[in-house]
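Order as written gives the chain letters A, B, C and D; numbering starts at 1 within each chain.
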Amino acid sequence: MIALPLGCIVLLMTLALVGAVVARTASGGRIVYGGSLAISLALLLIALLSIGGGSSTVTLPLGLPWIGARFQLDPLAAFFLVVVGLGSAGASYYALGYGRHEPEPQRVLPFYPAFLAGLTLVVVAADAFSFLFAWELMSLASWALVMSHDREPGNANAGFVYIVMASFSGLALLLCFGLLAGATGDFSFAAMQAAHPSPGIAALALVLALIGAGSKAGVVPLHAWLPLAHPAAPSHVSALMSGVMTKVAVYGFIRIVFDLLGAPTWWGGVIVLAVGGITAVLGVLYALMEHDLKRLLAYHTVENIGIIFIGLGLALAFGANLLPAAAALALTAALFHVFNHSVFKSLLFFGSGAVLTATGERDMDHLGGLIHRMPKTAFAFLIGCIAISALPPLNGFVSEWLTFQAILLHPDLPQWGLKLAIPADGALLALSAALAAACFVKAFGVTFLGRARTRVAADAREVDGYSTNAMFVFAALCLLAGIFPGAVIDLLAPVTQALTGAHMPKQLDVAWLSIVPVETARSSYNGLLVLVFVTISASLGVLAIHRFASHALRRAPAWDCGFPDPRPQTQYTAGSFAQPIRRVYGAVVFRAHDTVTMPPPGATAPASIEKHIADPIWDALYAPIAAAVWWMSQALNHLQFLTIRRYLGFVFAALVILLLALALWQ
Amino acid sequence: MISGFAFDVSHMLAGLLVLVSFAMLYQDRLYAVINVLALHAFVLAISVAWQAHIQHAPHLYITALIALGFKAIAIPMALRRMVFRLGIHREIETVVSIGLTMLAGIAMVALSLMVMLPVTAHVDPVAREDISLALSVVLIGLLMMVTRRNAVSQVAGFLSLENGVNLAATGAQGMPLVVEISVAFSILIAFIVVGIFLFRIRERFDTVDLEALDRFRGERR
Amino acid sequence: MTETLVLAIPLLGAALLALIRDYRLSAKINVTASGLALIAALLLLVDRPAAGQFLAVDDLNIVFILLSTFVGFTTSVFSASYIGHELEEGRLTPNYLRFYHAMFQLMLFGMNLALLANNIGLMWVAVELATLTTVVMVGIYRTHEAIEAAWKYFILGSVGIALALFGTILVYLAARPVVGEGIDAMVWTVLLTRAHDFDPALLNVAFIFLLLGYGTKVGLAPMHAWLPDAHAEGPTPISAVLSGLLLNVALYALLRFKVLLAANPGAIAPGPLMIALGLLSLIFAAFMLYRRRDIKRMFAYSSIEHMGITVFAFGMAGPLGNFAGLLQMAMHSLTKSAIFFSVGHVAQVKGTQRIADMGGLTSTHPLLGWGLIAGVAAIAGLPPFGVFTSEFLLVSSTFAREPLLAILFVFGLLVSFGALFLRVSSVAFGEPRGPTGPVTASYVPMFAHLALVLIAGVWLPGPLVAWFQHVAVLLG
Amino acid sequence: MAVIPALLVQGVQMALVLLLAPLLTGLTRKVKARLQRRQGPSVIQPYRDLKRLLHKDVVLAENASWLFRVAPYVIFAVTWVAAALVPTFATGLLFSWSGDLIAITALLGSARFAQALAAMDIGTSFGGIGASREVMIASLAEPAMLMIALSVALIAGSTQLSTIADYMAFSAVGLRVTLALGLVALVIVALAENARIPVDNPATHLELTMVHEAMVLEYSGRHLAMIELAASLKLLLYVSVIACIFFPFGLAHGYVIGLIAYLLKLAVAGVLLGVFEVSIAKMRVFRVPNFLGAALMLALLGVLLRFVSEGM
């Protein structure tokens, strides 16, 4: 089976070259995106077919000469290949329409298939070299895509932060693999699995994997590149980066920590839990402060990565205490959320891309009322918003519910650290879910509802069929995964079986298609039934109204307590919507405060309000590092301007010091 | 085996070279430096000739001749003319005071003895003395280059450094290619001296003072 | 016989070029001679001559020779397309071009001689020859800056070369009691077989001098000062040759002596010294990259950085470390010269080397711009290029052995990575700045180098790996 | 086949909550009025209100979208389903396992989501103010609710309300710190979620203090009826949840006793709520977070203290 994905990768690489050639032609976009779509669908099919099967490996005479390039398709890889295939198929299809608006297609077309190839290659790589090769290739290709709109202000900075962070993540993983491979230089995953590292090494490797894979996934505080890079890239690429690439990073973490490291340790779970909880809450808080639609979505990716890591941390904690069933539940929850997030985040980025195409705006405060002008986009985006807010009956709720069920199993754990950490994480998870809902009320409400705030928003037109179809397909997936979660859970069974030695009970056998994580008496959920219930109740309500109530309907100006203001500027904006939350949470986290300047009574000057928000992580971590590097480079820079005599002095000093050292040593 | 007398003489000559190096370090006038430089090369020439004699290595006489003709006579003359023609200040600007420089020079000698004497225990005595004193000369030459601002005196420092290396080369008994090496070195020196002329550093930079030369650095425009 | 061809062709070429006035013809001859030298070097693969007293070919230097002749050849092709523009601009006169071409071949001769030499004295002489020729080339524009750069290069190089000679003499002194007087005590092949009997203390002192002496030519901090200016002020083909070849030649000399030390059980391990200097160079250069305004000077600092990496790798030693070092060195030669090829044309288009005056290159000159980006990505250690392979091996193997060193090393890599991308993205992206006229460039050398680096990143040929592994064992 | 009767009981449950909900609201209002020495409207006044609203025309703002018109039905349906999932007079109803306490919380979240969006749809500043305050309050109330669910589930070993109620009714649970904290927290959450004093005032007409009322400002006629009914249902739901977790008396003794017990519990709750509301003043909006934050902390503390009480 492994040969097929590799074949797809070769095809994608070829397509990248073709893309470079045909980029400037009229049909270039169709060729590249059509080809990518076909290959992605093939990948998806291959992955779905092979997820239940065993693993198949192949060694090619490439890469490091003495071990070759190894590739493997096991259940874990197959599952993530599903995510990659699905995400890239969607993005490619969407791009068939969206890509037509690209001003400089030659900056996108060659790199797009290469990016897809990199994503796929990471998942199937089975030795450290191939893995990192693919990992960095993925970063490089996506960097090129981030830089595709290079003349827009801020994008250069975005690309810079992104590539440096990507390199940082690659180097951290490199150190991690160096640790796992030992001095022998056997970098194949098989050898690493066989070599049981000592606890100290395993601990360090876990931390390095968390740093390396985490910074690519967007774990706080290593998330800084996401809100910069995602908005800069074209929207179908944003969808891929957010929906798929961060998942591939999660894959890297799972591969290293669950597969290569061997037996987990409980405090490893504590670390991952802590990081996950903080990431989830901070991610969503950042998102709430945002008024750029794509940045908001990027911060939500951070939040969802946090949720995934909570699940992974739980799986580690349970796994370390030999509770495989609970670990399988937690891991299933995490992987389910991986799938879900890739679907709804792609959908949301498609939607934001559609808005961008229609209006040229990403700033929500310049939008509004798009539900009238772009009904299809609005509907699909709404589905995405509900899904990401973890509301039933859509898919986001299911995975968060499963995570909660895993949290509920924590009294079985013996360690006090975990007993205290897990409920706290539960609170953070709940908080992030509630805040996410708040944030998407804001996102949808400000962008699509109300009245148009600008001319461009008022003149927006619905986007092309490819884009809307792509959104509808993903919206349908959100619903399907929400009402038939058992199918996804059963699909994940071989994966968790391979990684934790257990899997959740088979769900499709449960009556009424409910899902039952442990046993019926404990907890169960049935998305389908909830949907049917709600539909029936709503229908009953509608019927009753039609039967008994007045049908009359009058259109009139909005009442607004009697003094409506015709100017759309008086509507709530993203900033004003978030004001209560900013005041409650932001005052602590972001040192947020509003300055109101009131003119004295009688004066005709306008009052003004100014909001101040600091980014604590940037200020505390990135800014000092940047300043230190800058200071250091400044401090050393005068060494460029010395006289020859002084340079000779260096040589002289080096000589004397070395001789002295030698004399003393002897 | 080399006799005690031969050893004494070569030892004395090598010591003399170190002494002359110190003398050069002591000078603060350009002409004086050039004179001492000539003396330095002269002592080297004698030393090399002595080595040729005791090692029965006639090719070393060529090296000695090069040292005498080229370094002791031609180069100092060229330098003197240059100082005259270019109107270079006769004073040498030193970076640290002469006294401190001398102290540093003594430290260099101590260092070279400290490094060399233990490690050359198995080498024959002539080479041993020569090598450790040659190292002193090299280090003092480098010290001279580092503590003088003036290009000509830096060239003088480099020449004395190079004389030290030559001393070591000839002291190493039976070393092949010594002549070739000394020729190659002479070319290098000629390049330096001619370079100052050819690049017309005076014309372009007003002075051969390297501090001034260094002002023209690409990054400070 | 073949090895003399490798030497004779450039030497004859130099003589011939010294006589020819027409610069177009001499450019062609230059290319031809370099190409012939490359062919001769390739012949060495088939027919490896026995080691003589003066010349020898073995697994170590054949890698260097091939690399050297190849880069020499591609640079001559690049130079042919480069100098025409310089003549038009009036930066060079036909007379100077004649001189330039002759010197180019002479320089190649010097480098090949240094690589082929089986005699430490001969090698020293050859390195000095190569230095002198490059000094002249660096100063060929005769601007204030060029002369200053050449002068700095010359003085520092001369001191370095003198120190190297002192070290060489000490090696001879160490060898003499064992091997006996005369030429044999300076012949590599002989030295190597007898090295275990040498006086280790003497070898230690010798190594310090050789490390600082040849290290000056390698461009290791704190002896690096000549390198940035020499790269920035000379003609770009010379920058390419300096980075791609001369540094390697000096490194090669250093490696030879390292092998010698490694063969002596009593000598100090040269590793720690090389690691220290390598790390110092890497981190220092990484920080220096940030404030550069001149694009060629920036890439010169990047060369210092990479030489630091390479020396660090050889210092770490072990089969993996040495392998990584060799690969790093080869990849750096190819990549850095490719970068200089690109930068050369960029500077010609823009009429300046100031980074601030360049911008939007991928829009105005896509091939140059993307070529530059590919080169920078390669030099920064990103796949699919070969530097990634060597840095992968180096970091991972170091971390398993010396975690602290690996972290410092990774720190340096990251800092330099940031600087390179910071600068290159301002050159390659954004609003176009500066003149945007067409360029008559030969893209073949640049893309040939990049293609090779790319192939090496994906697949290393078996024989090459075998050599490298053999040499890695040899290096201890 | 026991499905038919089971389905029937489930249907009764749904009808029951729908019918009783306005009554509870009316009872509370009446108690409040009497305590304020007013006559107050009849307890069945909410039914009359609904009827009147149903017969009125809908006046729709000009730029209202489909979402604005669909939202009332969604809110109503979702709240109704959630209410139907809570055991009222009996446990183990047919569909009770289709959603647990977490799902119920999330369903209410869906209703709130729809409500807040609808409030934003017209593009008035009052809609915005209501929605933004509502989500702020919810952002604290919902986690608190989930933490309560967690602490209860840890004791009962289930998040299924039926199972919890059975466990609470039959096992020797005793008085536990966790439960006490959970009860206090749940009451706070219930007050907040139902827009009661001190968090919000269901009867206010001062715009700047409104939360829930500000959101429904633009609704009229049958749409408003749906929303009012949903609000009543929600109040009933919370009372039911509190009753079935903390006061599960009568649930296990057959439908009749269960029903009587349930009605009694509702009556007590309605009176208590009225008494509470008249005896306390409304808070400023920005003191609400502290109030709810306290609930969240109490619930979390309850979870953590559970280990302590288990150790005793």
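Going forward, contacts are C-beta pairs under 8 Å (C-beta built on N, C-alpha and C of every residue); 3 or more make two chains touch, one makes a residue touch a chain.
None of these values were measured; they are calculated from a predicted model.
> Between chain B and chain D, how many steps is the shortest route if every step has to go to a touching chain?
Tracing touching chains, the least step count from chain B to chain D comes to 2.
> Write down the chain pair with more C-beta contact pairs when B-C is set against A-C.
A-C
> Grab the C-alpha centre of each chain and report whichever is closest to the global C-alpha centre.
A
> Using the average of all C-alpha atoms in each chain as its centre, how far is it in Å between chain B and chain C?
Taking the average C-alpha coordinate of chain B and of chain C, the gap between them is 30 Å.
> Averaging only over C-alpha atoms, locate the centres of chain C and chain D and give their separation in whole Å.
The computed centroid separation for chain C versus chain D comes out at 77 Å.
> Provide the C-alpha centroid distance between chain A and chain C, rounded to the nearest whole angstrom.
43
> Between chain A and chain D, what is the separation of their C-alpha centroids in Å?
35
> What residues in chain C touch two or more of the other chains?
Counting only residues that touch two or more other chains, chain C contributes 151, 155, 159, 163, 201, 204-205, 291.
> Chain B: which residues touch two or more other chains?
115, 118-119, 142, 145, 154, 213-214, 217, 219, in rising order.
> In chain D, what residues contact two or more other chains?
none
> Can you work out from the touch definition every pair of chains that touches here?
Touching chain pairs, listed by label, come out as A-B, A-C, A-D, B-C.
> Can you list the residues on chain D that touch chain A in the complex?
These residues of chain D touch chain A: 14, 54-63, 65-67, 73-74, 76-78, 80-81, 84, 95, 97-100, 102-103, 106-107, 109-110, 112-113, 116-117, 119-129, 131-133, 135-136, 138-143, 146-147, 150, 153-154, 157-160, 163, 207, 217-218, 221-222, 225-226, 285-286, 289, 296, 299-300, 303-304, 307.
> Flag every residue of chain B that touches chain C in the complex, lowest number first.
Within the complex, chain B contacts chain C at residues 115-116, 118-123, 127, 131, 134-135, 138, 142, 145, 154, 158, 161-162, 164-165, 168-169, 172-177, 180-181, 184-185, 187-188, 191-192, 195, 199, 201, 204-205, 213-214, 216-219.
> Would you mind writing out the residues of chain C in touch with chain A in their complex?
Residue positions touching the partner: 151-152, 155-156, 159-160, 163, 201, 204-205, 208-209, 211-212, 216, 222-223, 225-226, 228, 268, 273, 284, 287-291, 318-320, 360, 362-363, 366, 373, 377, 380-384, 388-389, 391-393, 395-401, 406-407, 410, 413-415, 417-419, 421-422, 425-426, 429-431, 457-460, 462, 465.
> For chain C, which residues count as touching chain B in their complex?
Touch list, chain C to chain B: 119, 121-122, 124-125, 128-129, 132, 135, 139, 142, 144-145, 147-148, 150-151, 154-155, 158-159, 161-163, 165-166, 169-170, 172-173, 176-177, 181-183, 185-186, 199, 201-202, 204-205, 229, 232-233, 291-294, 297, 353.
> Going by the contact rule set out above, which residues of chain B touch chain A in the complex?
That would be residues 95, 108, 111-112, 114-115, 118-119, 139, 142-143, 145-146, 148-149, 154, 210-211, 213-214, 217, 219-220 of chain B.
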